[in-house]
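Below are structures written as structure tokens.
In the two assemblies presented below, chain A is common to both, partnered first by chain B and then by chain C.
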Partner chain A sequence: MQIEIPKDNWQGSVNTVTLGATPEEGGTRTRTVTIGGQQTLPFLHFEQTPPNRPVIALEITAARPGDWSPVLLDAWGDAIDDPGNWAGACESAGADLIVLSLGLTEADGRSADPESAVRATKSTLGGTGLPLIVLGPGQAELDNDFVIAVADATKGERLVLGLCEDSNYRTIVAAAMANDHLVVGRTPMDVNLAKQLNILITDMGLPLDRIVMDPTTGALGYGIEYGYSVMERLRIAALQGDAMTQLPLLVNPGAEAWKTKEAKVGEGVPDSWGKWEERASNWETVTAVALIEAGADIVVLRHPDSVTRVRNALDELMAVG
Partner chain B sequence: MALTGIQIYKLLPQTNCKECGFPTCLAFAMKLGAKQVELSDCPYVTEEATAQLAESAAPPIRLIELVGEGHQIRVGNETVLFRHEKTFYNRPGLLISIQDTLDETAIEQLAKTVDAYGVDYVGVDLRIDGLAIEATSGDAARFAEAVRAVRRVSDLPLVLVGEDPAVLGAGVELLEGEKPLLIGANARNWDSMAELALQNGAALGATAASLEELAELTEQLRSKGVEDIVLHPGAARMGPTLAMQTQIRRLALKNFRPLGYPTIEFVGGSDDGRQQAVLATQAISKYAGLVVLDAFSPELLYPLLVLRENIYTDPQKPIQVQPALYEINNPTPQDPVLVTTNFSITYFSVANEVEGSGIPAWLLVTDAEGMSVLTAWAAGKFDAESIAKAVKQFDVAARVERHDIVLPGHVAVLSGELEEELPDWNVLVGPREAVDLPAFMKTVLSEGSTVH
Partner chain C sequence: MSRYIATRAIRGANGLVAEAEAMVSSAILDQGPDTPVAFPNTAYYLPVALGMTGIEVETLGQLSDVVAHARRLLHPVPADHQWTPYLGETLDSGMATLLAAETIEAIRYIDGRQPEVMPGFDLAGGSAFTSPDTDAVAEESPNGHLNGAIDDIQLRSWGIQLVDGRMPGFAAIVGCAKSNEVAVQIVRELQRRNILCFLSGNVNGRSIIHQLIEEGVELGYDTYTVPFGTDTISAIYALGFATRSALTFGGLKGGQGREILLYNKDRVFAFVLALGEVDDLKYAAAAGAINFGFPVIADTVIPQILPTGVTTYEHVVSMPFNEIDGVDDLERAERLVQKCIEVRGVKVHIADVPVPVPYGSAFEGEVVRKADMRVEFGGKQSRAFEYLRMAELDKVTDGKIEVVGPDFSEIEPEGHMDLGIVVDVAGRQMEKDFEPVLERQIHYFVNGASGIQHIGQRDIAWIRLSTKATDAGFRLEGFGKILHARFHADFGAIVDKVQVTLVTDPPMLTELLNEARVAYDFRNKRLEDLTDTAVDVFYSCTLCQSFAPNHVCIVSPERLGLCGAYNWLDCKASFNINPTGPNQPIKLGRSVDSIKGYWEGTNEYAKIGSHGVVDEVAMYSIMENPMTACGCFECIVMLIPEANGVMVVSREDTSMTPAGMTFSTLAGLAGGGIQTPGVMGVGKFYLASPKFISADGGFKRVVWMSSFLKDSMSDELKVVADLAGDPALIDRIADERLVTTVEELLPWLEEHEHPALTMEAIL
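Up next is the complex of A and B:
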């Protein structure tokens, strides 16, 4: 029986974005990461060979995190106390890039400041050759101060700076433009809000091949279905040709999954939840793989085991036969 | 193939009698073509027309029911490619496979464990839907023993897996009154498998490596009279499986009948058992009707069952609980009041922690249109005014003497306004996450009460 396979013939495509710069390109990275370029929904090889595979980022923090699950602290051991060592350990664990989250306090309890943010960034760059995403502590004013200092001190590295939100995108975008960096913008689970922020950012003159977008997600069991569908809708809009949705998608299944009780708590929970470490890893992996199916280009994870599993999934998804 | 409105019209009485509720037969035919009305709404269709129309009225993906000794699984009947287009309807069945080469006690043990497994997620009791018994031994007597062993301890629906009709036959004939699924038919054995399925009232799986072969096989099965078919696309890895599943769903929704059936995926067989999590995640998200895992492990099943709930909830309406003043651990008027929203995940995260703490409390659930705490706050549906309104509506002051009211930590900013709204109450700010509630209740809340 002859079957005509229904193929979509989309007009639009996702922007191709390259993160990081090697010495020849004006940075210090040993490799760069290129994402985007798709003209089809995720992994539909029969319509187009995926031009780039989604990538796995591991998140580290400038100072030992106070609220991370003991499962994560165990997995990383002493490396956690130094962003450079930690970043190196992430590279060995198989990460494609690193996300450095700047916090409000330093290891010794003092308030973090722009200098300490730069120190942590430099230390991370020294500890790994992978491209780097640097995120402020999440308070508009401090984000601006920290991110400007980091951007100035790392000119030419093609870091990704964030998080741009509607309240604070201007300063971060300006700092990125002045120093050959990229930015990531975050909006709360809404196609139109995502488009609006992208319009604001590009209006400042930052080219589209230097922006990625984080549409926000929820963890498995805690709102993932909303994030999943918003990503599918954004990707379909991109393929239909809507330029302000054609940005690669970054999501944080790691941070979301490890906030949940299922990942955090080992005792006093029902037996039917199963073994703690394994359940926690699965919580992160399942969240991440579901979001990859929905169109994620960068997934930010926290546990080394999840990297292995998600990488296996990506290998399988990139395989044709 | 589906008929167009005009084609349907030709089969109707064309009297325009209006009894169907439409002004003309043509108007009714158009609605029928769009699957918005039932054919039975017209009292005058001939039997012959009904038969012709039944084919086109059938859903694009056939609904398949598997029945055990009581329990059942329903899959198929899906109508969209993406959940945001409408919703996915029938949750894929999750099954655990059992090899007939295990000894009988091991089989019983495993079946019993699977049968007993249940986990509570936002008030819903999530369970494994069935068992797949694999005729790995190739021996009819042994296979029959395995089926008997399972049936001694479990009444879940069964899938019998094997290529030899004689071996599967020895198992299926033990399942009288049930509707199992046989996996199944392939290009070589389809004739005798079809007979076996028909004789025993079983659904039949069709296994083939390409869509063409799969479609040919289902047509052959249909020509023998088999209607309840499940597709078993034989792709090996995630990429090819995603392609086949997507193509099957697209073709089915275009009313290509030979592929208009639900699918089954076996996600076991990898050396690394944990890899099943990854394969099953894709299967649940992307179109599988039945998903068979080859190992039982709660730490794997719980996340997968939750994923299935999430992907299959109706995107139009968040799951909600009734706004009310809930009593947890038999509170007295001397116990504190905690406030939250009526999004079901939010309510259950909080209620479960309070219950687990063993400390009595009142839980005031406001009408936040089914939104989480921060979402509702950002949308203006959870503020000092709406909390004060709920206090009044549920007559809290009359039922509780101790006037301590605890806000979720994430909305600490509301405390000033709430104090103004509720001047005789002592407004406290709780922790941000519900996990930290028991500790908070043991320390802060038990330190003293403010009785007015």
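Up next is the complex of A and C:
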């Protein structure tokens, strides 16, 4: 019997956003990454062939991270001591994008400053041809100081700068506007707060095709349902035509999954939990894939194996039939 | 439009354009049309020319095009008998002046006459300009010149601060102050507020730049005080800066003149302060600035242009220096700066609350016990009141805190005294209706200080100061400092000026208390008069959508939010403070059904706000399309079909209800943003509203209600009963002390002759 699959006919679509700029476009990247453009809920191929694949970013830090799991440190080895090398390793591991997290301290223990932030960014850009997202250390004043310096030193690269939050977004947005960059805004798992931040950022005059939003999420077993539901609602609102929710979504399954006990703890857990390395990467992978199905356009991961696994899942999701 | 200003500006423009034309011709003749022309270190060519005309000037020859453009903007000087030179002509002439001025400065850069030479002068923080002759000289030596144009690096650095709000705006100061002392005071007042100062111009050869240099004030990028040049023409650099801000941060391109001007009007909070006599050229340049939405404030007698339009508020304001109120020139200078800020609508930021005790919301719930108390105001032994009133902008001195009467130093420990806190606020966006909304904040603001306890409001306020707080140096002025800082920080969108008076002087206290009581009565009356039919907008409230994604409250004057925390006035104020926030106006539009409470606007909003889950909402019915609820309602109203009425259960009531469910079970039915006819979550004061389920018969439908409501709202309910024409109505309503089942309820209602039994069938 022939079954007719009902099709939704949405009014709206997700904004198309391009990250990075090649030398012809005023940057130095070997390639750019384009996300967004969907006119349907994720992977409903019978409604629309997805115009762009969701992309996988790997997170690196400006100086060796003090609080990362030994599983991650082992996986990356010595590359971790230099953002340029690390970024290169990420590219080899199959990442589409790099996220550089600027910290509060440098490798030698001194306090990080705008100059060291610029150094780390330049080194990363030197080590990879992939587009780059640069995030401040998460303290409003330092975020602003670092991001201004980085934005100024990399004019034209179309970096994504962050994090914009409702209490601190103006300086980062201004720095992005002055230097042809993009921004990412984060709000704590709430549709209206996400919308409001988008309104505030666009009110400053930054065009919508230069903003991505991070609605925040939790790891598998640690609030992923809440995050999933917020993303789903944002995406439905976007498809219904609400311009302030039509931004591509970026989420951090890596950072979230590696906070969980299942990923962090190697000893004193039941044998049935299985091999630590395997379990941790699985946790990250499953979290990421679930969020991709909720509509994530960028997932930020930490472990190289997870990249391969998520990519395999993505290949299946993108295959028609 | 002042004909006088128009005439002089047009005359000034004609003169300057002619001068620019002459200079261009002679420069081309002397040096050839291909001679390069540029301001130092900028990618924006000659910025005003680029922005307004799109011409990317790189050579002398192109300057002819710029002056030709300026020439086309000129108008003849109006004849004496002609009375119609209006704003348009003047603004055009202003723009022509700017193009001519920029042309002249560009040629002077070729000649080495810009930046202006000032022997012995040293710029703080360097400048864009490095003279080829001074390259060899050691860096320590004075630069010997003024700043000239601002370079792109500095533009981006300051631009980011202007865009992100750390820097509220810039002042283009032109001319010469009354005295050196006044010049310093003006600049200090502006610097104190983080406002960038651009200096130029002179009066009879003396410039504010000379005045500041003589007084040893450091000028340059580092001190946010930039000396452009000692003639009026150099003021063009301020507008070049403004134009480049729009190009850099507004994403605009050269030639988008109109957009660039609007960008500046809306986003760059700049103004022109003309010191001393205003000549034709200054009028012309000022007219140029007005194009950008920058108003002009003069400290001399000139005709004013008060109507608004091109600028946000007044265009030209005259504030003759010697007529300004003030004990001395320094205070007059301060007032002058204050006026400038007001006219441009620059918002002032105050980062910290300047009191000698820790301050923060963590201290809000703090209790000061009698033993730890230094002094109390109000309570049983004394009286205290707080009264916030709106005043005209020029009647309020921002930051002024005055104590009238004795301090508490003479009061014995643990003693008491009378206190009146009177707050005068003024603001362009302030409305009389916001007075009570702001006044209620005094409670939270004062409580934020460690060691201070605040209870109540209006004339039943009760404040205790702990010994610890007074030992740390907290005095009565502290209340004023807290209120001034917090009103600016939290309500800056509607409040421009805050002045606080703390009164302990008995006669004055009595007088002000009487005035306050009249105001309280007036406000009560105003609330009573504020009906749904008296307004044409309601407000949405989506604060709870994080919990109930599809729920939306519609708040009307006669139906407050179901949480009880937001009434219509609160929503209105909230919208003014945060226009992108959770309270948005809903234009009612056409009334669809005035009995059930349907409007086109509310229905449309219900659909959007609920993301398509709810199609329509009836404001006044529980039976048809009732309003949804999140979960934070104060009461649940639910149909009791057997009794032909409804019951009202309050959140405080944990006992069983005639519906066979307790509050917490019922809450599951009422909440979650679902429309369930017969069940509704409401704020308790809605019960006392004439619009309480008025489509279904109103308050007379209530057959059972939690005793908590009967007790806590007895005054309000008495009014409702009287209005219903049955003073004993409340006694006819059952509660959990009397009946807890439907079986018991019916006979009880019959016995007490409840009106619902004889009303038309609710179903």
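Here is the rule we use: the second predicted complex is superposed on the first by the 320 of 321 C-alpha atoms of A that agree within 3 Å, B and C clash if a C-alpha of one lies under 4 Å from a C-alpha of the other, contacts with A are read in each partner's own complex, and residues count from 1 in each chain.
As a working rule, a contact is a pair of C-beta atoms (placed from the backbone, for glycine too) under 8 Å apart; a residue touches a chain by one contact, two chains touch by 3 or more.
This one's a predicted model, so the numbers in the text were calculated from it and none came from an experiment.
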Look at where chain B and chain C land on chain A after superposing the complexes, then choose clash or fit.
fit
Thinking of the overlay built on chain A, is A:Val173 touched by chain B (first), by chain C (second), by both, or by neither?
second
Look at A:Asn192 in the shared chain and tell me whether it touches chain B only, chain C only, both, or neither; answer first, second, both or neither.
second
Value for angle(chain B, chain A, chain C) over C-alpha centres, in degrees, nearest 10, is 100
Applying the touch criterion given at the start, work out whether A:Gly205 contacts chain B, chain C, both or neither, answering first, second, both or neither.
second
Now for A:Leu220: first (chain B), second (chain C), both, or neither, which partner does it touch?
first
First (chain B), second (chain C), both or neither touched by A:Arg233
both
In the overlay, work out which of chain B or chain C sits against more residues of chain A.
B
Between chain B (first) and chain C (second), which, if any, makes contact with A:Asp152: first, second, both or neither?
second
Could you look at A:Phe46 and tell me whether it touches chain B, chain C, both or neither (first, second, both, neither)?
first
Quick check: superposed on A, how many Å separate the nearest Cα atoms of chain B and chain C?
7
Kindly list the residues of chain A that each of chain B and chain C touches, one partner per complex.
229, 233, 236
Any idea which chain B residues touch chain A in the complex?
82-84, 117-121, 211-212, 215-216, 219, 237-240, 242-243, 246-247, 250-251, 254, 256, 258, 272, 274-275, 277-279, 281-282, 285-286, 297-304, 306-307, 309-311, 313, 315, 345, 349, 356, 372, 378, 433-435
Along chain A, where are the residues that touch chain C in the complex?
144, 148, 152, 170-171, 173-175, 177-179, 189-193, 196, 199-200, 203-207, 229, 233, 236-237, 240
Chain A residues touching chain B in their complex are 1-3, 5-6, 41-46, 188, 220-226, 228-229, 232-233, 236, 259, 261-262, 264-265, 268, 270-276, 278-279, 281-283, 285-286, 289-290, 293-294, 309-310, 312-313, 316-321
Which residues, counting only chain C, touch chain A once they are in their complex?
156, 159-160, 163-166, 248-251, 263, 267, 542, 545-546, 549, 580-582, 611-612
